[in-house]
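In what comes next, subunit A is part of two complexes: it sits with subunit B in the first one and with subunit C in the second one.
Presenting the complex of A and B:
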């Protein structure tokens, strides 16, 4: 018994936190998704079994929302990871002093509150004479509604890229200098060095950033909410998580449906798990965390 | 030494307990949550504070040992976040005593059991007797009264006189426009014709022939009605969706977009994109639908530096919304605001006394004049000497209210989706109507009549 005392004591705090803040909400969400709880039925919710899921399946707009979600996640992810990689490579290839400053600048949007960040975007992207870009170019286009997806991907991606940038930079720094010397001696160009030396060694961080960003993009909607609120017009930029949020918590006339929103959230949990497992397969996670075959000291 | 201190302490406690109970004053905190979201409507909260001072004076005169203090806030963000906050408070079991919101919400909250019926309290306070009877109708649901009217308003069709003059209209023609709308001579199609002409002659920029609000709201019911729709069936108590009327409205919007007089992205969620072009320069928008309270916003926020209200009177005119057909009846919508009492409030008597003292002519007038809403008391209307309120109040002759039905929000949401689909060109107007009909059928089943 005493053999287990120490591990149990050490694991207990983390276990409690995980149960309270991760497991309990998932169970509650699943439970709520099986009831018809809404503003009207709040004090007396009825058990409806899979009723909410059936409602979702019959929803004529759900296909559009699924497509929007896929578009949002894929485009933003490509921009995020690609831009993060480019920034990491650029900022590590210049003198460290300049590299650090470049990265510091790219972190600025991340430390801004989203509301302020979006206000800046609105100030940039409105039509003339209200927006900066419009005023300079004399264009009467309001970019947020004219090209909502481009603005959403850019606004999200510019913030998101800094995450990849930091991880990739530290990974590049961790590559033993001997490998760069060796490739230089072999006459490799910069591009060849990146292609043959750096990128293969960044496989693990790229997998991590991709998987992590996919999951966070699936559940994040704050920039969409603030920039377009799912519009302009007809579900143009409404993604799954935003729709779930609106059903469960936010309706102009205040009549929200927690049960239906919870069902949408539960579906998102399932999608998240499926995506994670797929990533582990594609990137061959087992091989990545296996014991190294050679020691590099 | 120490024991002596104990004796002193005991003596103090003993004498304090003996002291007459009424010497201890009790302060009751009444929590009240209010919203504009327009800034000038802050009197929705300030009036409660003033009423609390008067209530305290009354209580002192009566020799009561109670005083009240109003705590709470006035929200200027948006309805969505305010209602979420209220909802979470209701659900958390610790709601404010008083919540101000649209009267139409009373049926939803009453069904949910969040708010208290007020019928037993209202007759106790003479102040309520002077409220317009029509407003009480809007506060009733299933035979009970759930709210106290706070203000009301009209939602006019505004027009820009400056731009009409540039189109060649003379002053008399402009002055006659409201009369022509009222007589049914000037219809929605005429609005479109004039807007088109303005666009063709470059009097307005693209998309600025007609503006409606950029987000969902009660107004869509009024426009649907102006195109001949009905939303409630008195006989069965069911909501109604009329395909033909919705189609007329959706087609009208779509035609406007195609003619370049309505913005394709008019539902852009940005109120600045509504107010700015309307008030820029001499105004850049020809026709637009707004509310009377917008007048106060424009006066105090948008044109304050270039002339305030006289600037507005010179350039903006207002009328009820026209009908879709010649000779049809004009329309506007009132969505009265109301104070409601949480079912869980422990101080209902005091809260109702506070609301009674808020429903008095001077405070009613202060709010009406300050925020360009219309008063709820008959005496106030006679008392107020304010040009805008006097000129606009005739709109109430053509006013309608939202149907009182707990599922109305779903109806409104579905109808709004149809507007967004047709206007943005995501679907044809015909498809949009079918989308709405299918959606309503799916959500409300036999609780809605699709005709």
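Presenting the complex of A and C:
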């Protein structure tokens, strides 16, 4: 018994936190998703089994929402990772002082509250008397309704790219200068050096940023909510997490269906796990992780 | 493949206000192996990186044969380089590392494989080709780096401290191998090192650098027999040359109240007197006292205090005087070195 005392004591605080803030909500969500709990049935929810999931499958808009989610995640992810890479490569190939300034500018939107940031976008992209671009060009089209996806991806990406930028920059800095010299002497152009030396050495940070941002994009909807509120029109830009939020917490009809929303959230959890496992397979995670230097016995 | 002549004319490099290399003129013959020797920060690696094309010179010209190259990108210079860290690409196998320069030239895969195997056989690393750099020994990494530098048959081979990360035993062996290979291939080579024994053993001629300036450029034996100044005298040879600072009078070198007789040809006024420990004896006529006697194996190294100075004397194995015993310093007059007050060599 005694030999387990120390590990148990050390693990206990973290275990408590994980149970309270990670495990309990997941279990609660799963439980709620199997009931018909809503504002009306709040006092006395009934067990409905897979009923909520069946309702989801029957929903005529569910296909559209799935496609929207895929489009949102894939496009924003491509922009975030690609732009993050471009920024990291650019800012580390110029003089360090300019590189630092460039990165600092790209970090600015990240320190703005999302609501303020979206208000700035609206101030830019809306039609004539409200938007800057519209006013200058005298155009009466709002970019938010004319090209909602472009605005959503850009608004997300301009914030999101800075995450990859920071991770990739520090990874590029960690590559010894000799490797760049060697590849120049070996006859590589700058682009060939990037493609054949830098990118392969960035495999682990690229995987990390891709996986991390996929998961956060799957569950993030605040910019869409504030920019288009899922519109314009019917479900044009509604993604899975936004739909779940509306079903569970903000229905126009006042019929707030916690159970149905929980079912959608549960599906998202499963998708997240599947995607994570897929990434680990694709990037051959095991080969990337170094053997531990400390021996534990 | 045949080596090419490399000429540096008025080459200089400043980093901001720091002068890394003052002004360098150097002529390396085709097929020759030249060593850049000096302590760290002397400008030798800076010069090498300018020849490679990694640093842009602040001033001056670099010629490969008749071609002026200092404005060219490294890939257009046709140089091979071995780095101190080896700089092997960690994500590629040894095969792909060696093949890297060839694949950039769009050479057919079969030809790439043939040439990689040929050079790997020559260097004895054929059995490591499918491993990654992290999975082979330091000596094998060093050979792989050398193979990568040689596989494209460059006109100039640059070696930046290629042996300093090896164990002492492998180092001596690798030193001989690189030299043999270089002579076999005939590629013009420049070796940067801070290790004088490496420079003297491997190079046809050695360029000694200090504080961004070339001190002397000569074959190893001449560096040893006729050092151009007190820096070279002190830096080349082990144990280092004895250098005494004092005043020359006709026929003698005066050190405080000691008079050391010197042969003709010496300078006048203040200056330096130099003689190597192996050219010194304990059977002369300058009075002194033994402070330390160290056994070096074949010989003993005796430290002697004479007047205000200490000198080192190599004596045969049988003789190991106890500290404190008086001794009389002498030296072989035909091997004496005179330097003037600024440290420059005087006479033959």
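Everything below uses one rule, namely that the second predicted complex is superposed on the first by the 288 of 297 C-alpha atoms of A that agree within 3 Å, B and C clash if a C-alpha of one lies under 4 Å from a C-alpha of the other, contacts with A are read in each partner's own complex, and residues count from 1 in each chain.
Please note the rule applied: a contact is a pair of C-beta atoms (placed from the backbone, for glycine too) under 8 Å apart; a residue touches a chain by one contact, two chains touch by 3 or more.
Note that the coordinates shown come from a computational prediction; the quantities given were computed from them, not determined experimentally.
With the two structures aligned on subunit A, subunit B fits next to subunit C without clashing.
Of the two partner chains, subunit C is the only one that A:188 touches; subunit B does not reach it. In the superposed model, B is the one of subunit B and subunit C that contacts more residues of subunit A.
When the two structures are aligned on the shared chain, A:95 is found in touch with neither subunit B nor subunit C.
Residue contacts after overlaying the shared chain place A:179 against subunit C, while subunit B stays out of touching range. Once the two complexes are laid over each other on the shared chain, residue contacts for A:60 go to subunit B alone; subunit C is not touched. In the superposed model, the vertex angle subunit B-subunit A-subunit C (Cα centres) comes to 150 degrees (nearest 10).
In the overlay built on the shared chain, the residue A:229 is in contact with subunit B alone; subunit C does not reach it. With the two structures overlaid on their shared chain A, subunit B and subunit C come no closer than 51 Å at the level of C-alpha atoms.
Once both structures are placed on chain A, no subunit A residue is touched by subunit B and, in the other complex, by subunit C. Subunit A makes touch with subunit C in their complex at residues 176, 178-179, 181-189, 192, 196-197, 200-201, 203. Residues 79-81, 83-84, 86-87, 90-91, 101, 104-105, 108-109, 111-114, 205-206, 215-217, 264-265, 267-270, 272-273, 276, 406-410, 412-413, 417, 420-421, 423-427, 435, 438-439, 442 of subunit B are the ones that touch subunit A when the two sit in their complex. Considering their complex, residues 49, 52-54, 73-75, 79-81, 83-85, 87-92, 100-101, 104-105, 148-149, 152, 158 of subunit C touch subunit A.
Residues 39-43, 55, 58-61, 122, 126, 130, 140, 142, 144-146, 228-229, 231-236, 249-256 of subunit A are the ones touching subunit B in the complex.
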